[in-house]
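As structure tokens, here come the structures.
Look for chain A in each of the two complexes below; its partner is chain B in the first and chain C in the second.
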Partner chain A sequence: MKGYKKYYFNKILWYLLTLVCAVILNFVLPRLMPGDPVASIASQSLAGVTDATQVQKVYAEYAAKFGTDRPMWEQFFIWLGNALHGDLGQSFSQYPREVSDILAKAIPWTLALQLPAIIVGWLLGNILGAIAAYMKGVFDKAVLPLFMFIGSFPAFGMATIMLYIFSLKLKIAPTAGAYGFDLIPTMSWTFVKSVISHYQLPFWSIVLITIGGQGIGMRSMAIYELNADYVKYSRFLGIKDNKIVGYVFRNAMLPQITGLALSLGTMIGGNMVAEMMFSYPGLGMTMLTAVTGQDYPLLSACTLIITIMVLIANLALEIIYGIIDPRVKAQQQD
Partner chain B sequence: MKNRKMNKIISVIAVAAMAMSMVAGCGSSSSSTASTDTKAETEAAADETTEEATEAADTEAAADETASSDEAATPRNETVYFAGQQWGAVNNYNPMSSNSNCWAMSQAGNCREMMYESLFMYNCLDGSVSGLLGDSYSWNDDKTVMTVTLKQDAHFSDGSAFNSADVVATWNAHKEYNSPTGASYTLYIDSIEAVDDYTVNINALLDDQGRAVNPLQIETYITAIFQMSDEYLQVVADRNNGDADAIKEDRMEDAVHSGPYSPYYASEQKLIFVRDDNYWGQSDSMWGSLPVPKYLAHVIYKDNAAGQTALQAGEVDACQQFITDVQKLWLEDGLSISTWLDEAPYGLCLSMPTIWFNCERNGLDQTAVRKAIAMATDFSQIAASAMSGQTYTFDEMPRCVANPTDAERKYIDFDQLTDLQFSGNDVDGAIALLDEAGIVDTDGDGIREYNGENLKYQAECPSGWSDWNATLEIIAAAGQKIGIDITTYFPEAASFYDDLTTCNFDIGMWTPTGAEISGLWARSAAYFSEDYAALEVNWSGNFGHYMNDEADALVKSIPYMTSDEELKEAYTTLSKIYLEEVPSFSAMYRPQAFFAANESVWTNYPAQSNSETCNIPPLVLTDGAGIEALYHLQLVEE
Partner chain C sequence: MGKVMLEVKDLRTKYITRFHEDVYSVDGVSLKIEEGKSLGVAGESGCGKSTLALSLMGYYFAPLHYMSGDIIVDGKTISGMDPDDVRKHILGNEIAYIPQAAMNAMNPTMKIIRFIEDVMAAHQIDMSKKDIYDMAKERFAILGLPEEVLDRHAVELSGGMKQRTVIAISTILSPKVLIADEPSSALDVTSQKMVIKMMREMMEKGFIRSMIFITHELPLLYNVTDDIMVMYAGRIVERGTAKEMVFDPMHPYSHGLMGSIIVPESGTREQKLTAIPGTPPNLKNPPKGCRFAPRCKYATPECSYVDPLMKDFDAGRQYACLKSIEELREVYAREQ
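Up next, the complex of A and B:
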């Protein structure tokens, strides 16, 4: 147990250090973008005003309100102090809305879309990979290559193709949004059906491009495991194929779990393109708005969430690895 | 053994769930069938809900109540759906806010009369001003006091009467809290005082000579500023303890307003307004009836493409977006989509996207360089490719400071401008002009020099504004043909705004004021005002800091001119300077509000060919006098 403590302590320490660096970068990088969003807000509201004093006065009011009149290091510590209390500030582009309010409305949609899509994609990919390795034939020569081809599509490309085929041409799927354009959220079957309907294209566009990558990884690992000595020995012993495949699958799964954890951590960053393409109201859309509106507080908050998710996923993975595969812990301790 | 069984069960459930979701998903791509099935119940429920929502006066609460009682809350045949006007969740309904993004409160030249109302409405088709909350207005002889009489049967959504106290309170609130409106108009209005319950005097701020600083701005005020309830303003002030900043940030979800539509539902996905069936405008002194649609809804799309897709799918009725080759939607795709005109330019061109030169840059401070670039630009290519024919050519509508409407063009003597016009793609003429001015390439690198420096510029506009991006590419190509190295630069919009408003650009593209009551003067000021140029940060105009004392003096004197002859002479002179000096030049004519209507559910939209609606400006059914369109809409299938 002593070994575990040291292992976990080291890991957590490094992750905390990474978090500090990431938080600083999340704050600083958006603010290095050219342009002054506060000047935009102030001067847009003063179009037609010819009195320079009045313009300056209003600009100064906004700069003071958003804190952009202070040095960046001071802004950082104010922001950090507030963030630790759950106050992520006010959005520039949607002022005076609170950033936390905007995020609270976006995150559930993203989680509801991305989490199942990645898990389903991962599962289907691994099953396909294992089948391709074990049964070969059409699965290895046609199905897996097909999904690898699909998986090489960029997210926006896949989304566009699906939108074109299923929405515009076949007209069997909606074009945009999370539910019918004529509905208001209710607990009715009409609404639920509409949500499911709108869920399909973004969901499958993520799933389809996930399958190939996961499948090829699983296939390689499974082939490697199938040729391992313990498999041959098991066969000599007359153990049934099903039992052997079970062992092979479990061993081949280890690197795949890494892939899943990383996918979960980066889901918002990578797959948010699908959200944007389908006008799905998640973090992807929120980030797009923040970038185009030079909305520092909102952008910093979005990237902070992504950072924390990636770090948590990685930390959880390393901790779990330490338990499920003691070799990893042992090697790290050397 | 147990594990295997469990795995099988889980697998079956998972596969079944996925299959079910696909079947359910693909089985119905739209909720319209369900909406129709439950229409009767829905209408009743919606009525109930509306009443409750109004009483609760809280959008969120309304949504929650709706959720429990109503399935298809905005039935297709009672709702007009919009696109292109709301790009994010609404942040407030507060007319005193500095940056409200609420679709119902946008001011694109003409006041949007959906929720709040102005005193008067401007009709950009004929230049007329008609009464809304106001009945009539008049100036005293020296234009220092404007007297406005008010409609006596107007009232707010809470039933309280609209009267002089509200007009006074609206002004005082803007002024006291230093709202954007207050900051803008305190430069022109000294005070507003009640004469009696239904008459107010607007007292102009006077200059050193005892004249009103700018009477035109007061005329703009009465057509552009939303009137608020005195009592409600007090409620807002009380709940914010009189704190000006807090008052300006108040979301005003419970707003008391005079317009025909109230907030109904707002989320990250959509914004819906419901008709106030107690709307005062149904009286004979105004419209004589309620607007036809019960709901006005706007789904929040991510971009133009998503909005256009929805329009084509019949999910949007009125679309305020630029659509390339819009005519193909009905000619090739066979969709029942219409525009103001059946043929090019399809829309009502009211604004003039303009190329602004930074007159402080080496070379661009020379008239010859500016004019040569303008002369060499291929405007027919801009019209054909960038605008896909949705603009007049400059042969059809010669350049001047006026937009292409009779309401403004009557102030221009085009005979005096004939010799000054340039129709574009005149590369030889541009080269000759530069050579004559001694601006030549001396070092043989193919680029002309001025003061020993190569003429090298960036042409800038926001990224993703495809028609503008294409326009600047055409201008850059023109520059290369005449030995001026122009490259394009398309930053994010916020970065571009920063460059434009701080004169940190070489060549920029932006649209000056479009059609509004004082639009011609405001656009002239945008081209020539030295006051704007003197601002450190300015969104008002003269972004390139062009200095011409004669033009500036004319801009300052126009607000005091009263006779048409005098105005015509002044605007013609300004147009001459504009064409001779080329401080900037229009790249195209363009609709102030794009407007494509899908007529599969609603019809009888504003159209020049429709005798019933031809005098209603096609301003997306809601702006200025254009709101009359909502009273003429008809269902395709009753």
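Up next, the complex of A and C:
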């Protein structure tokens, strides 16, 4: 048990160190973009004003309000102090909305879209990979390669094709958004129906892209396990083939959990393009508007969330593995 | 004469490779083992020893295929039986197997006791989990294995412990015949000794009633088995008691093999292996006539087209060479 604790202690230290570096980069990098977003907010409230000293004064007020008149390191500590209290500041591009308010509206859409899509894609991919390894034939020669082909599409290509086929040609799916633009979110049947029909294209585009990669991983793991020595030995002990196949797929599945955890961790960043192409109002879209609007506070907050999710996913993975896979546990104890 | 536990008559099996080629790795093997006896099988790597072990189980799956011959375990012919009946009633309780690569023989993500439970279930043995645990605990204790092993996963055990655990599991149903394929070859000397001691104890306690012990290291067999059989290119070339085979090998292949291994000073493994120049033939196209002819110092032109049959000589000894025992004794004596 001792080696165990030491292992996790070391791991957590490393994760904390990574988090610190990432937080600094998340803060600094957006602010290195050229341009002055404060000036553009100031200019909005100065519409029509031509007096130069008045302009100067208002600009200075905004700069002081956002703290952009201070040195970068000072800004960082102020931001960090506030962030630790849950205050992520005000958005530049959607001024005067709070960043936390914008995120709170966007995150549920992202989770509702991507979590099920990634899990469904992962499950289907693993089932397909297992079937391809065990039954071979058409699954191995045609179905899996087809999904690998589809999976290698860039997300925007996939979205464009789907929009073209289902929205423009067949006219069975809407082109953009999460619900009809003329509706207000309520629990009404019309609204729910609209949400479901808007859900289909972004959902299936993510599922389709996920299947191939997970499938090919599962296939090679399963083939490796099917040829393992324990398969032959178990057979000669009289154990039934279907039971042995159970051992094989369990063992092949365990490393695949890495794939799932990584997709979940990177889901926001990884599938941002899908959200953008379908104008889905999740974190991906929010990030896009933050980048185009030079919205440092919003951008830093988005990247911070992504960083934390990736780190949590990795750490969780490590801990879960230690529990469910004795092969990994044995390594961790060394 | 004791009761015959295992009798094999002219067994032939082959591999069919991915490229649809036939490899005749067991090509007409006959043998007999009596109750309480052990038989060693020796030969260089690639001679077909592991394939013989698999073929004796009577349970075939690709790429190995049964061709002909009989396998009779304690009076019951198992070759030609329905595979699922073999699985349920023969494997494990009549004839059991210890694989060459015991290091990875057990499912790494499963507790040993769960694996034993599955073995029991596979043979439709109706026992509660607790009874299985108690039975396994007792068996492990007799064989000198700690009880904790039962609650461990295979990956958590050391090499020697894994090997002994595999042996204990293979024999948990007290089979009549145990076939052990190089059970100690991959181990350090201490673990080797423990494994061999364990095999002997199992025989004494009646957990197994006869045994085939396969190895490429002959000195090992001298202390372990009653008889020794030498295998070359899918066939048996000589059989006798361990003592006779070690001190008075007759077939030129056995002679070369023993000679090359018994010289202890010139010690290294490499030297041992190259002691007979050349390597065993590829069994896709075995040589005509005597299969050892291309490597045999004493070969005559006749050897490369006449196939030598197994012949009896002395009391219960057999060999397969065209030369007579007298001729062979003479050439060996001249060489000394």
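As a convention for this text, the second predicted complex is superposed on the first by the 315 of 334 C-alpha atoms of A that agree within 3 Å, B and C clash if a C-alpha of one lies under 4 Å from a C-alpha of the other, contacts with A are read in each partner's own complex, and residues count from 1 in each chain.
In this section, a contact is a pair of C-beta atoms (placed from the backbone, for glycine too) under 8 Å apart; a residue touches a chain by one contact, two chains touch by 3 or more.
Being a predicted model, the structure only gives us computed values, none of them experimental.
Asker: With the two complexes superposed on chain A, say which partner A:K105 touches: chain B (first), chain C (second), both, or neither.
Answerer: In the superposition, A:K105 touches chain B alone.
Asker: Who does A:D229 touch here: chain B (first), chain C (second), both, or neither?
Answerer: Second partner only, chain C.
Asker: Based on the superposed arrangement, let me know which partner A:S188 touches: chain B (first), chain C (second), both, or neither?
Answerer: Touch partner of A:S188: chain B, not chain C.
Asker: Should A:R31 be classified as contacting the first partner (chain B), the second (chain C), both, or neither?
Answerer: After superposing on A, A:R31 lies clear of both chain B and chain C.
Asker: Touch check for A:K11: first (chain B), second (chain C), both, or neither?
Answerer: After superposition on chain A, A:K11 lies in contact with neither partner.
Asker: Have a look and say if chain B or chain C is in touch with more residues of chain A.
Answerer: Of chain B and chain C, more residues of chain A lie in contact with B.
Asker: Identify the partner contact of A:Y247: answer first if only chain B is touched, second if only chain C is, both if each is, neither if none is.
Answerer: Touch partner of A:Y247: chain C, not chain B.
Asker: Just to be sure I read the superposition right, which of the two partners does A:Y179 touch: chain B = first, chain C = second, or both, or neither?
Answerer: In the superposed model, A:Y179 contacts chain B only, not chain C.
Asker: Give the list of chain B residues in touch with chain A in this complex.
Answerer: 18, 21-22, 24-32, 34-35, 38, 63, 66-68, 70-76, 79, 81, 87-89, 91-92, 97-99, 101, 178, 180, 183-184, 186-187, 217, 245, 249, 251, 265, 267-270, 272, 297, 299-302, 306, 309-310, 312-313, 315-316, 491-499, 501-502, 522, 529, 531-532, 534-540
Asker: Can you check the complex and tell me which residues of chain A touch chain B?
Answerer: 33-37, 39-52, 54-56, 58-59, 61-62, 65, 93-97, 102, 105-106, 120, 163, 166-168, 171-188, 190-191, 193-194, 196-200, 276-277, 279, 281, 285, 288-289, 291-294
Asker: Tell me, which parts of chain C touch chain A in their complex?
Answerer: 57, 59, 61, 87-88, 90-93, 96-97, 99, 101, 103-110, 118-119, 122-123, 153-156, 166, 169-170
Asker: Under the stated contact criterion, what part of chain A meets chain C in this complex?
Answerer: Residue positions touching the partner: 228-230, 232-240, 243, 247, 250-251, 254, 325-327, 329-330.
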